[in-house]
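Right after this note come the structures.
You will see chain A twice below: alongside chain B first, and alongside chain C after that.
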Partner chain A sequence: MDLSVIAGGIMIAFGALAAGIGNGVLFSRYLEGIARQPEARGTLFGQAMVTLGLVEALPIISIAFGLLVLFGVI
Partner chain B sequence: MEITPKIKFLGLTFDVTVMIGTLVTAILVLILVLAATRGRSMRPRGMQNVMEMVLEFIQGITQMMLPPKKAAKYLSFAVTVFLFVFIANELGVIVMVTSEVHKPIAWLGLTKQALESAKGEVSWFKSPTSDINVTVAMAFAIALYAHFAGLFKSPRRYFGHYFKPYALMFPLHIIDELAKPTTHAARLWANIFAGEVLILILRNGLPYLTGIPLMAWIGFSLFVGAIQAYIFTVLAMVYISQKIADEDH
Partner chain C sequence: MDEWAWYRRFILILSCAFYGASLLLWLFTPLKSFAAGFILGGLISLYNILYLARRVRIIHEQAAWAVPRRAGSGFVNRVLMVAFGVILAYRFPEQIDYRGLAPGLALGYILMVIAACRYNKKERLPREGREILGNHSEN
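Coming up: the complex of A and B.
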(Lines of atoms letter the chains of each structure in order from A and count residues from 1; the text may use other names and numbers.)
(Lines give C-alpha, C1' and ligand atoms only; values in the text may rest on other atoms or scores of the structure.)
Protein backbone atom coordinates (compact mmCIF):
# COMPACT_ATOMS: atom_id res chain seq x y z
CA MET A 1 0.00 0.00 0.00
CA ASP A 2 1.11 3.51 -0.73
CA LEU A 3 2.48 5.14 2.41
CA SER A 4 1.53 8.64 1.25
CA VAL A 5 -2.12 7.78 1.96
CA ILE A 6 -1.26 7.11 5.62
CA ALA A 7 0.94 10.23 5.79
CA GLY A 8 -1.79 12.44 4.36
CA GLY A 9 -4.36 10.89 6.66
CA ILE A 10 -2.24 11.55 9.74
CA MET A 11 -1.62 15.17 8.71
CA ILE A 12 -5.32 15.83 8.17
CA ALA A 13 -6.31 14.02 11.38
CA PHE A 14 -3.90 15.97 13.59
CA GLY A 15 -4.87 19.22 11.89
CA ALA A 16 -8.51 18.54 12.74
CA LEU A 17 -7.57 17.55 16.31
CA ALA A 18 -5.60 20.75 16.88
CA ALA A 19 -8.33 22.90 15.36
CA GLY A 20 -10.88 21.23 17.62
CA ILE A 21 -8.88 21.95 20.77
CA GLY A 22 -8.11 25.54 19.71
CA ASN A 23 -11.70 26.37 18.77
CA GLY A 24 -12.97 24.69 21.93
CA VAL A 25 -10.77 26.89 24.14
CA LEU A 26 -11.64 30.00 22.12
CA PHE A 27 -15.41 29.58 22.20
CA SER A 28 -15.55 28.39 25.83
CA ARG A 29 -13.84 31.65 26.82
CA TYR A 30 -16.19 33.55 24.51
CA LEU A 31 -19.24 32.02 26.23
CA GLU A 32 -17.73 32.77 29.66
CA GLY A 33 -17.30 36.37 28.60
CA ILE A 34 -20.93 36.61 27.44
CA ALA A 35 -22.17 34.95 30.66
CA ARG A 36 -20.26 37.49 32.71
CA GLN A 37 -21.15 40.52 30.61
CA PRO A 38 -24.12 39.90 28.29
CA GLU A 39 -24.05 43.46 26.92
CA ALA A 40 -20.56 42.91 25.45
CA ARG A 41 -21.87 40.21 23.11
CA GLY A 42 -21.58 42.29 19.91
CA THR A 43 -17.96 43.34 20.29
CA LEU A 44 -16.92 39.93 21.65
CA PHE A 45 -18.49 38.17 18.66
CA GLY A 46 -16.41 40.17 16.18
CA GLN A 47 -13.22 39.57 18.16
CA ALA A 48 -14.02 35.85 18.49
CA MET A 49 -14.51 35.53 14.74
CA VAL A 50 -11.19 37.24 13.99
CA THR A 51 -9.43 34.98 16.51
CA LEU A 52 -11.18 32.02 14.91
CA GLY A 53 -9.55 32.98 11.62
CA LEU A 54 -6.15 33.25 13.30
CA VAL A 55 -6.54 29.94 15.17
CA GLU A 56 -7.87 28.09 12.15
CA ALA A 57 -4.85 29.00 10.02
CA LEU A 58 -2.20 26.63 11.38
CA PRO A 59 -4.31 23.43 11.29
CA ILE A 60 -5.57 24.32 7.84
CA ILE A 61 -1.99 24.74 6.60
CA SER A 62 -1.37 21.19 7.85
CA ILE A 63 -4.58 19.99 6.14
CA ALA A 64 -3.64 21.67 2.85
CA PHE A 65 -0.23 20.00 2.83
CA GLY A 66 -1.92 16.75 3.86
CA LEU A 67 -4.21 16.99 0.84
CA LEU A 68 -1.22 17.67 -1.40
CA VAL A 69 0.53 14.57 -0.01
CA LEU A 70 -2.67 12.52 -0.30
CA PHE A 71 -3.10 13.34 -4.00
CA GLY A 72 0.59 12.78 -4.66
CA VAL A 73 1.37 16.34 -5.76
CA ILE A 74 4.40 16.56 -3.45
CA MET B 1 -8.22 16.10 -9.44
CA GLU B 2 -8.56 18.16 -12.56
CA ILE B 3 -5.51 19.28 -14.42
CA THR B 4 -4.72 22.86 -15.33
CA PRO B 5 -3.15 24.14 -18.55
CA LYS B 6 0.43 25.31 -18.08
CA ILE B 7 2.77 27.24 -20.35
CA LYS B 8 6.53 26.72 -20.25
CA PHE B 9 8.43 29.91 -21.06
CA LEU B 10 12.14 30.58 -20.50
CA GLY B 11 12.35 27.58 -18.19
CA LEU B 12 9.55 28.85 -15.97
CA THR B 13 6.13 27.23 -15.73
CA PHE B 14 3.12 29.54 -15.86
CA ASP B 15 -0.28 28.29 -14.77
CA VAL B 16 -2.85 29.65 -17.23
CA THR B 17 -5.76 29.33 -14.80
CA VAL B 18 -4.01 31.54 -12.28
CA MET B 19 -3.28 34.18 -14.92
CA ILE B 20 -6.92 34.15 -16.06
CA GLY B 21 -8.08 34.25 -12.44
CA THR B 22 -5.85 37.18 -11.52
CA LEU B 23 -6.89 39.13 -14.62
CA VAL B 24 -10.62 38.54 -14.07
CA THR B 25 -10.32 39.49 -10.39
CA ALA B 26 -8.39 42.67 -11.12
CA ILE B 27 -10.84 43.74 -13.83
CA LEU B 28 -13.82 42.97 -11.58
CA VAL B 29 -12.36 45.06 -8.76
CA LEU B 30 -11.75 47.93 -11.20
CA ILE B 31 -15.31 47.75 -12.60
CA LEU B 32 -16.79 47.50 -9.11
CA VAL B 33 -14.91 50.52 -7.79
CA LEU B 34 -15.55 52.60 -10.93
CA ALA B 35 -19.26 51.74 -10.87
CA ALA B 36 -19.49 52.60 -7.19
CA THR B 37 -17.83 55.99 -7.56
CA ARG B 38 -19.72 57.14 -10.70
CA GLY B 39 -21.93 60.12 -9.94
CA ARG B 40 -21.06 60.49 -6.29
CA SER B 41 -23.50 62.46 -4.19
CA MET B 42 -23.69 63.68 -0.63
CA ARG B 43 -26.64 61.37 -0.12
CA PRO B 44 -25.16 58.03 -1.16
CA ARG B 45 -27.38 55.54 -2.95
CA GLY B 46 -26.89 51.91 -3.92
CA MET B 47 -23.33 50.94 -4.78
CA GLN B 48 -21.86 54.09 -3.27
CA ASN B 49 -23.25 53.03 0.09
CA VAL B 50 -21.53 49.66 -0.13
CA MET B 51 -18.20 51.19 -1.10
CA GLU B 52 -18.40 53.74 1.72
CA MET B 53 -19.11 50.90 4.14
CA VAL B 54 -16.03 49.01 2.92
CA LEU B 55 -13.89 52.15 3.17
CA GLU B 56 -15.02 52.88 6.71
CA PHE B 57 -14.47 49.25 7.66
CA ILE B 58 -10.88 49.35 6.39
CA GLN B 59 -10.39 52.77 7.96
CA GLY B 60 -11.18 51.09 11.27
CA ILE B 61 -8.30 48.66 10.67
CA THR B 62 -5.74 51.27 9.67
CA GLN B 63 -6.61 53.59 12.53
CA MET B 64 -6.42 50.72 14.99
CA MET B 65 -3.04 49.44 13.75
CA LEU B 66 -1.11 52.47 12.57
CA PRO B 67 -0.13 55.75 14.24
CA PRO B 68 -2.80 58.39 13.49
CA LYS B 69 -0.64 60.42 11.10
CA LYS B 70 0.13 57.39 8.92
CA ALA B 71 -3.37 55.88 8.88
CA ALA B 72 -4.68 58.00 5.99
CA LYS B 73 -1.56 57.31 3.91
CA TYR B 74 -2.01 53.54 3.98
CA LEU B 75 -5.81 53.50 3.61
CA SER B 76 -5.82 53.18 -0.19
CA PHE B 77 -3.26 50.38 -0.07
CA ALA B 78 -5.25 48.48 2.55
CA VAL B 79 -8.50 48.87 0.58
CA THR B 80 -6.77 47.60 -2.58
CA VAL B 81 -5.40 44.53 -0.81
CA PHE B 82 -8.71 43.81 0.88
CA LEU B 83 -10.85 44.14 -2.26
CA PHE B 84 -8.49 42.01 -4.37
CA VAL B 85 -8.21 39.20 -1.83
CA PHE B 86 -11.92 39.29 -0.99
CA ILE B 87 -13.12 39.18 -4.62
CA ALA B 88 -10.54 36.48 -5.43
CA ASN B 89 -11.64 34.29 -2.51
CA GLU B 90 -15.34 34.57 -3.27
CA LEU B 91 -14.90 34.08 -7.03
CA GLY B 92 -13.09 30.81 -6.46
CA VAL B 93 -16.07 29.48 -4.53
CA ILE B 94 -18.80 30.73 -6.87
CA VAL B 95 -17.26 30.41 -10.33
CA MET B 96 -16.04 27.17 -11.81
CA VAL B 97 -15.09 26.71 -15.46
CA THR B 98 -14.12 23.27 -16.70
CA SER B 99 -14.09 21.80 -20.16
CA GLU B 100 -13.55 18.37 -21.60
CA VAL B 101 -10.46 18.12 -23.75
CA HIS B 102 -10.09 15.00 -25.89
CA LYS B 103 -7.09 15.82 -28.05
CA PRO B 104 -3.74 16.61 -26.44
CA ILE B 105 -2.65 20.25 -26.76
CA ALA B 106 1.13 20.30 -26.57
CA TRP B 107 1.83 24.00 -25.99
CA LEU B 108 -0.59 24.13 -23.05
CA GLY B 109 1.09 21.16 -21.40
CA LEU B 110 -1.98 18.94 -21.85
CA THR B 111 -0.27 15.68 -22.69
CA LYS B 112 -2.06 12.44 -23.42
CA GLN B 113 -1.06 10.90 -20.07
CA ALA B 114 -2.25 13.89 -18.04
CA LEU B 115 -5.57 13.97 -19.90
CA GLU B 116 -6.13 10.28 -19.31
CA SER B 117 -5.41 10.55 -15.58
CA ALA B 118 -7.95 13.40 -15.24
CA LYS B 119 -10.51 11.83 -17.61
CA GLY B 120 -10.16 14.79 -19.99
CA GLU B 121 -11.43 17.31 -17.46
CA VAL B 122 -9.46 20.55 -17.64
CA SER B 123 -10.02 23.45 -15.25
CA TRP B 124 -9.83 26.96 -16.74
CA PHE B 125 -10.58 29.14 -13.76
CA LYS B 126 -9.63 29.06 -10.12
CA SER B 127 -9.23 31.55 -7.36
CA PRO B 128 -5.78 33.17 -7.72
CA THR B 129 -5.36 33.01 -3.94
CA SER B 130 -5.65 29.21 -4.02
CA ASP B 131 -2.25 29.12 -5.74
CA ILE B 132 0.66 29.44 -3.31
CA ASN B 133 2.78 31.47 -5.76
CA VAL B 134 0.28 34.34 -5.76
CA THR B 135 -0.02 34.60 -1.99
CA VAL B 136 3.74 34.23 -1.45
CA ALA B 137 4.35 37.03 -3.96
CA MET B 138 1.83 39.28 -2.21
CA ALA B 139 3.10 38.54 1.30
CA PHE B 140 6.79 38.97 0.41
CA ALA B 141 6.06 42.20 -1.48
CA ILE B 142 4.35 43.56 1.64
CA ALA B 143 7.24 42.39 3.84
CA LEU B 144 9.81 43.97 1.50
CA TYR B 145 7.86 47.24 1.51
CA ALA B 146 7.69 47.18 5.32
CA HIS B 147 11.45 46.63 5.60
CA PHE B 148 12.30 49.45 3.21
CA ALA B 149 9.83 51.80 4.85
CA GLY B 150 11.51 51.12 8.20
CA LEU B 151 14.97 51.48 6.68
CA PHE B 152 14.26 54.84 5.04
CA LYS B 153 12.52 56.18 8.14
CA SER B 154 15.54 55.66 10.39
CA PRO B 155 18.37 53.29 9.43
CA ARG B 156 19.90 53.41 12.89
CA ARG B 157 16.71 52.35 14.61
CA TYR B 158 15.97 49.75 11.92
CA PHE B 159 19.27 47.93 12.39
CA GLY B 160 19.29 48.56 16.13
CA HIS B 161 16.01 46.73 16.55
CA TYR B 162 17.64 43.47 15.47
CA PHE B 163 19.87 43.57 18.56
CA LYS B 164 17.22 44.40 21.12
CA PRO B 165 16.91 43.65 23.95
CA TYR B 166 20.18 41.67 23.76
CA ALA B 167 22.65 41.16 20.91
CA LEU B 168 22.16 37.41 21.38
CA MET B 169 18.59 37.76 20.13
CA PHE B 170 19.81 38.44 16.59
CA PRO B 171 19.19 34.88 15.20
CA LEU B 172 15.69 34.89 16.67
CA HIS B 173 14.92 38.20 14.97
CA ILE B 174 16.07 36.80 11.61
CA ILE B 175 13.84 33.73 12.03
CA ASP B 176 10.97 36.02 13.03
CA GLU B 177 11.37 38.19 9.94
CA LEU B 178 11.37 35.12 7.67
CA ALA B 179 8.48 33.39 9.42
CA LYS B 180 6.19 36.42 9.22
CA PRO B 181 5.73 36.55 5.42
CA THR B 182 5.77 32.75 5.18
CA THR B 183 2.86 32.27 7.57
CA HIS B 184 1.16 35.36 6.14
CA ALA B 185 1.14 33.69 2.71
CA ALA B 186 0.45 30.12 3.87
CA ARG B 187 -2.47 31.21 6.02
CA LEU B 188 -4.42 32.62 3.08
CA TRP B 189 -3.38 29.98 0.56
CA ALA B 190 -4.14 26.98 2.79
CA ASN B 191 -7.61 28.17 3.71
CA ILE B 192 -8.69 28.81 0.13
CA PHE B 193 -6.91 25.76 -1.31
CA ALA B 194 -8.38 23.34 1.26
CA GLY B 195 -11.81 24.86 0.66
CA GLU B 196 -11.62 24.43 -3.11
CA VAL B 197 -10.28 20.86 -2.91
CA LEU B 198 -13.06 19.89 -0.52
CA ILE B 199 -15.66 21.38 -2.89
CA LEU B 200 -14.18 19.26 -5.70
CA ILE B 201 -14.19 16.12 -3.52
CA LEU B 202 -17.79 16.68 -2.43
CA ARG B 203 -18.89 17.42 -6.00
CA ASN B 204 -17.30 14.29 -7.45
CA GLY B 205 -18.02 12.13 -4.43
CA LEU B 206 -20.82 9.80 -3.47
CA PRO B 207 -24.37 10.97 -4.25
CA TYR B 208 -25.30 11.66 -0.62
CA LEU B 209 -22.31 14.00 -0.27
CA THR B 210 -23.31 16.38 -3.08
CA GLY B 211 -26.55 17.68 -1.55
CA ILE B 212 -26.67 19.36 1.85
CA PRO B 213 -22.95 18.86 2.77
CA LEU B 214 -21.82 20.60 -0.42
CA MET B 215 -24.18 23.53 0.16
CA ALA B 216 -23.09 23.82 3.80
CA TRP B 217 -19.42 23.75 2.83
CA ILE B 218 -19.92 26.37 0.09
CA GLY B 219 -21.59 28.62 2.66
CA PHE B 220 -18.71 28.09 5.08
CA SER B 221 -16.20 28.76 2.28
CA LEU B 222 -17.81 32.13 1.54
CA PHE B 223 -17.53 32.99 5.25
CA VAL B 224 -13.91 31.81 5.45
CA GLY B 225 -13.03 33.82 2.33
CA ALA B 226 -14.36 37.03 3.91
CA ILE B 227 -12.62 36.36 7.25
CA GLN B 228 -9.30 35.54 5.59
CA ALA B 229 -9.42 38.67 3.42
CA TYR B 230 -9.92 40.70 6.61
CA ILE B 231 -7.10 38.91 8.44
CA PHE B 232 -4.72 39.28 5.48
CA THR B 233 -5.32 43.04 5.49
CA VAL B 234 -4.97 43.31 9.28
CA LEU B 235 -1.70 41.37 9.28
CA ALA B 236 -0.31 43.45 6.40
CA MET B 237 -1.03 46.61 8.39
CA VAL B 238 0.46 45.08 11.57
CA TYR B 239 3.69 44.13 9.80
CA ILE B 240 4.03 47.59 8.24
CA SER B 241 3.25 49.37 11.52
CA GLN B 242 5.86 47.30 13.40
CA LYS B 243 8.53 48.77 11.14
CA ILE B 244 7.39 52.39 10.92
CA ALA B 245 6.00 52.88 14.44
CA ASP B 246 7.61 55.55 16.59
CA GLU B 247 9.64 54.59 19.63
CA ASP B 248 7.11 55.91 22.11
CA HIS B 249 4.29 54.05 20.43
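Coming up: the complex of A and C.
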Protein backbone atom coordinates (compact mmCIF):
# COMPACT_ATOMS: atom_id res chain seq x y z
CA MET A 1 0.00 0.00 0.00
CA ASP A 2 1.20 3.47 -0.83
CA LEU A 3 2.42 5.46 2.17
CA SER A 4 0.61 8.59 1.00
CA VAL A 5 -2.71 6.86 1.72
CA ILE A 6 -1.65 6.27 5.33
CA ALA A 7 -0.33 9.83 5.61
CA GLY A 8 -3.59 11.30 4.28
CA GLY A 9 -5.64 9.06 6.57
CA ILE A 10 -3.63 10.13 9.62
CA MET A 11 -4.01 13.81 8.70
CA ILE A 12 -7.77 13.53 8.30
CA ALA A 13 -8.26 11.35 11.37
CA PHE A 14 -6.28 13.50 13.78
CA GLY A 15 -7.76 16.68 12.35
CA ALA A 16 -11.27 15.39 12.93
CA LEU A 17 -10.37 14.06 16.38
CA ALA A 18 -8.93 17.40 17.47
CA ALA A 19 -11.93 19.28 16.09
CA GLY A 20 -14.31 16.93 17.90
CA ILE A 21 -12.61 17.42 21.26
CA GLY A 22 -12.27 21.18 20.81
CA ASN A 23 -15.85 21.67 19.68
CA GLY A 24 -17.20 19.50 22.49
CA VAL A 25 -15.36 21.46 25.18
CA LEU A 26 -16.34 24.80 23.64
CA PHE A 27 -20.02 23.97 23.19
CA SER A 28 -20.30 22.67 26.73
CA ARG A 29 -18.68 25.82 28.16
CA TYR A 30 -20.84 28.03 25.96
CA LEU A 31 -24.08 26.40 27.10
CA GLU A 32 -22.88 26.49 30.68
CA GLY A 33 -22.16 30.20 30.39
CA ILE A 34 -25.59 30.90 28.93
CA ALA A 35 -27.26 28.87 31.65
CA ARG A 36 -25.41 30.89 34.29
CA GLN A 37 -25.93 34.29 32.70
CA PRO A 38 -28.71 34.36 30.09
CA GLU A 39 -28.48 38.14 29.58
CA ALA A 40 -24.90 37.81 28.25
CA ARG A 41 -26.15 35.71 25.35
CA GLY A 42 -25.20 38.12 22.55
CA THR A 43 -21.66 38.66 23.77
CA LEU A 44 -21.13 34.97 24.49
CA PHE A 45 -22.40 33.99 21.05
CA GLY A 46 -19.95 36.28 19.26
CA GLN A 47 -17.03 35.15 21.37
CA ALA A 48 -17.99 31.49 21.05
CA MET A 49 -18.17 31.86 17.27
CA VAL A 50 -14.68 33.39 17.08
CA THR A 51 -13.25 30.63 19.26
CA LEU A 52 -15.10 27.93 17.33
CA GLY A 53 -13.71 29.40 14.11
CA LEU A 54 -10.19 29.27 15.53
CA VAL A 55 -10.67 25.69 16.70
CA GLU A 56 -12.13 24.60 13.36
CA ALA A 57 -9.69 26.34 11.02
CA LEU A 58 -6.80 23.96 11.56
CA PRO A 59 -8.77 20.67 11.21
CA ILE A 60 -10.53 21.94 8.09
CA ILE A 61 -7.22 22.83 6.47
CA SER A 62 -5.62 19.58 7.61
CA ILE A 63 -8.56 17.67 6.10
CA ALA A 64 -8.16 19.54 2.82
CA PHE A 65 -4.44 18.79 2.70
CA GLY A 66 -5.07 15.21 3.80
CA LEU A 67 -7.46 14.72 0.89
CA LEU A 68 -4.94 16.27 -1.50
CA VAL A 69 -2.27 13.87 -0.19
CA LEU A 70 -4.75 10.99 -0.44
CA PHE A 71 -5.49 11.79 -4.07
CA GLY A 72 -1.79 12.13 -4.80
CA VAL A 73 -2.03 15.78 -5.89
CA ILE A 74 0.70 16.92 -3.49
CA MET B 1 -27.34 45.07 16.73
CA ASP B 2 -25.73 42.15 18.58
CA GLU B 3 -22.07 41.23 18.35
CA TRP B 4 -22.40 38.42 15.83
CA ALA B 5 -24.47 40.55 13.44
CA TRP B 6 -21.62 43.05 13.37
CA TYR B 7 -19.07 40.26 12.78
CA ARG B 8 -21.18 38.80 10.00
CA ARG B 9 -21.51 42.12 8.22
CA PHE B 10 -17.79 42.79 8.53
CA ILE B 11 -16.86 39.31 7.25
CA LEU B 12 -19.29 39.56 4.32
CA ILE B 13 -17.98 42.97 3.25
CA LEU B 14 -14.34 41.91 3.45
CA SER B 15 -15.07 38.61 1.70
CA CYS B 16 -16.77 40.47 -1.13
CA ALA B 17 -13.69 42.69 -1.42
CA PHE B 18 -11.47 39.61 -1.66
CA TYR B 19 -13.75 37.98 -4.22
CA GLY B 20 -13.74 41.16 -6.29
CA ALA B 21 -9.94 41.28 -6.22
CA SER B 22 -9.79 37.59 -7.15
CA LEU B 23 -12.25 38.16 -9.98
CA LEU B 24 -10.04 40.94 -11.34
CA LEU B 25 -7.09 38.56 -11.05
CA TRP B 26 -9.08 35.92 -12.91
CA LEU B 27 -10.10 38.31 -15.66
CA PHE B 28 -6.91 40.23 -16.35
CA THR B 29 -3.97 38.03 -15.36
CA PRO B 30 -2.72 34.59 -16.35
CA LEU B 31 -3.35 33.37 -12.76
CA LYS B 32 -6.84 32.22 -13.69
CA SER B 33 -6.73 28.81 -12.03
CA PHE B 34 -5.21 30.21 -8.83
CA ALA B 35 -7.91 32.90 -8.60
CA ALA B 36 -10.64 30.35 -9.30
CA GLY B 37 -9.30 28.11 -6.52
CA PHE B 38 -9.12 31.04 -4.14
CA ILE B 39 -12.71 32.08 -4.90
CA LEU B 40 -13.95 28.49 -4.48
CA GLY B 41 -12.08 28.07 -1.19
CA GLY B 42 -13.33 31.42 0.07
CA LEU B 43 -16.94 30.59 -0.76
CA ILE B 44 -16.68 27.23 1.00
CA SER B 45 -15.10 28.90 4.02
CA LEU B 46 -17.84 31.54 4.12
CA TYR B 47 -20.51 28.84 3.89
CA ASN B 48 -18.81 26.93 6.72
CA ILE B 49 -18.81 29.96 9.00
CA LEU B 50 -22.41 30.95 8.34
CA TYR B 51 -23.56 27.34 8.70
CA LEU B 52 -21.64 27.00 11.97
CA ALA B 53 -23.30 30.16 13.30
CA ARG B 54 -26.73 28.82 12.35
CA ARG B 55 -26.07 25.46 14.02
CA VAL B 56 -24.77 27.09 17.19
CA ARG B 57 -27.91 29.23 17.31
CA ILE B 58 -30.11 26.15 16.85
CA ILE B 59 -28.26 24.28 19.61
CA HIS B 60 -28.61 27.30 21.84
CA GLU B 61 -32.36 27.55 21.24
CA GLN B 62 -32.80 23.83 21.83
CA ALA B 63 -30.87 24.03 25.09
CA ALA B 64 -32.96 27.00 26.20
CA TRP B 65 -36.24 25.17 25.49
CA ALA B 66 -34.95 21.81 26.83
CA VAL B 67 -35.66 19.87 23.64
CA PRO B 68 -34.87 16.19 24.30
CA ARG B 69 -33.25 15.48 20.93
CA ARG B 70 -30.29 17.80 20.42
CA ALA B 71 -29.01 18.87 17.00
CA GLY B 72 -25.37 18.32 16.05
CA SER B 73 -22.90 21.03 15.17
CA GLY B 74 -22.90 20.05 11.47
CA PHE B 75 -19.23 19.13 11.37
CA VAL B 76 -19.74 16.38 8.77
CA ASN B 77 -21.54 18.82 6.50
CA ARG B 78 -18.67 21.28 6.69
CA VAL B 79 -16.07 18.58 6.09
CA LEU B 80 -18.05 17.35 3.09
CA MET B 81 -18.08 20.87 1.66
CA VAL B 82 -14.29 20.98 1.96
CA ALA B 83 -14.07 17.54 0.36
CA PHE B 84 -16.30 18.79 -2.47
CA GLY B 85 -13.92 21.68 -3.13
CA VAL B 86 -10.88 19.38 -3.08
CA ILE B 87 -12.60 16.90 -5.41
CA LEU B 88 -13.43 19.74 -7.81
CA ALA B 89 -9.77 20.85 -7.72
CA TYR B 90 -8.69 17.25 -8.34
CA ARG B 91 -11.19 16.72 -11.16
CA PHE B 92 -10.49 20.02 -12.98
CA PRO B 93 -6.83 20.84 -12.31
CA GLU B 94 -6.63 23.11 -15.36
CA GLN B 95 -9.41 25.39 -14.11
CA ILE B 96 -8.98 25.20 -10.30
CA ASP B 97 -5.58 25.24 -8.66
CA TYR B 98 -5.28 23.56 -5.26
CA ARG B 99 -2.61 26.10 -4.25
CA GLY B 100 -5.32 28.76 -4.41
CA LEU B 101 -7.92 26.55 -2.76
CA ALA B 102 -5.90 25.97 0.42
CA PRO B 103 -5.48 29.65 1.44
CA GLY B 104 -9.07 30.29 0.34
CA LEU B 105 -10.31 27.71 2.84
CA ALA B 106 -8.63 29.64 5.65
CA LEU B 107 -9.90 33.03 4.46
CA GLY B 108 -13.17 33.09 6.41
CA TYR B 109 -11.53 32.09 9.69
CA ILE B 110 -8.80 34.69 9.30
CA LEU B 111 -11.45 37.32 8.55
CA MET B 112 -13.34 36.27 11.66
CA VAL B 113 -10.26 36.84 13.84
CA ILE B 114 -9.71 40.23 12.17
CA ALA B 115 -13.37 41.09 12.82
CA ALA B 116 -13.01 40.12 16.49
CA CYS B 117 -9.91 42.30 16.88
CA ARG B 118 -11.65 45.21 15.18
CA TYR B 119 -14.78 44.81 17.29
CA ASN B 120 -12.79 44.69 20.53
CA LYS B 121 -10.89 47.81 19.52
CA LYS B 122 -14.13 49.56 18.59
CA GLU B 123 -15.77 48.60 21.88
CA ARG B 124 -12.76 49.21 24.11
CA LEU B 125 -12.02 52.77 23.02
CA PRO B 126 -15.39 54.33 24.01
CA ARG B 127 -15.36 52.36 27.30
CA GLU B 128 -11.89 53.70 28.19
CA GLY B 129 -13.02 57.17 27.23
CA ARG B 130 -16.04 56.88 29.53
CA GLU B 131 -13.81 55.71 32.38
CA ILE B 132 -11.47 58.66 31.88
CA LEU B 133 -14.40 61.07 31.80
CA GLY B 134 -15.83 59.42 34.92
CA ASN B 135 -12.59 59.93 36.80
CA HIS B 136 -12.50 63.61 35.80
CA SER B 137 -16.06 64.21 36.91
CA GLU B 138 -15.30 62.58 40.27
CA ASN B 139 -12.33 64.87 40.78
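As a convention for this text, the second predicted complex is superposed on the first by the 74 of 74 C-alpha atoms of A that agree within 3 Å, B and C clash if a C-alpha of one lies under 4 Å from a C-alpha of the other, contacts with A are read in each partner's own complex, and residues count from 1 in each chain.
In this section, contacts are C-beta pairs under 8 Å (C-beta built on N, C-alpha and C of every residue); 3 or more make two chains touch, one makes a residue touch a chain.
This is a predicted model, so every value here is computed, not measured.
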Contacts of A:Leu54 with chain B and chain C, given as first, second, both or neither: both
Which superposed partner A:Asn23 touches (first chain B, second chain C, both, neither): second
Of chain B and chain C, the chain that contacts the larger number of chain A residues: C
First, second, both or neither for A:Phe71, with chain B first and chain C second: both
Partner chain in contact with A:Ile63 - chain B first, chain C second, else both or neither: both
Which of chain B and chain C A:Gly46 touches, first, second, both or neither: second
First, second, both or neither for A:Leu31, with chain B first and chain C second: second
Where chain A meets both chain C and chain B, residue numbers: 49-50, 52-54, 56-57, 60-61, 63-65, 67, 71
Contacting residues of chain A [partner chain B, same complex]: 49-50, 52-54, 56-57, 60-61, 63-65, 67, 71
Residue ranges of chain A touching chain C (in the complex, touch as defined): 16, 19-20, 23, 27, 30-31, 34-35, 38, 41-43, 45-50, 52-54, 56-57, 60-61, 63-65, 67-68, 71, 73-74
Chain A contact footprint on chain C (complex, rising order): 2-4, 6-7, 45, 48-49, 52-53, 56-57, 59-60, 63-64, 73, 75, 78-79, 82-83, 85-87, 89-90, 93, 98, 101-102, 105-106, 108-110, 112-113, 115-116, 119
Residues of chain B touching chain A in the complex: 1, 183, 186-187, 189-191, 193-194, 197, 224, 227-228, 230-231, 234
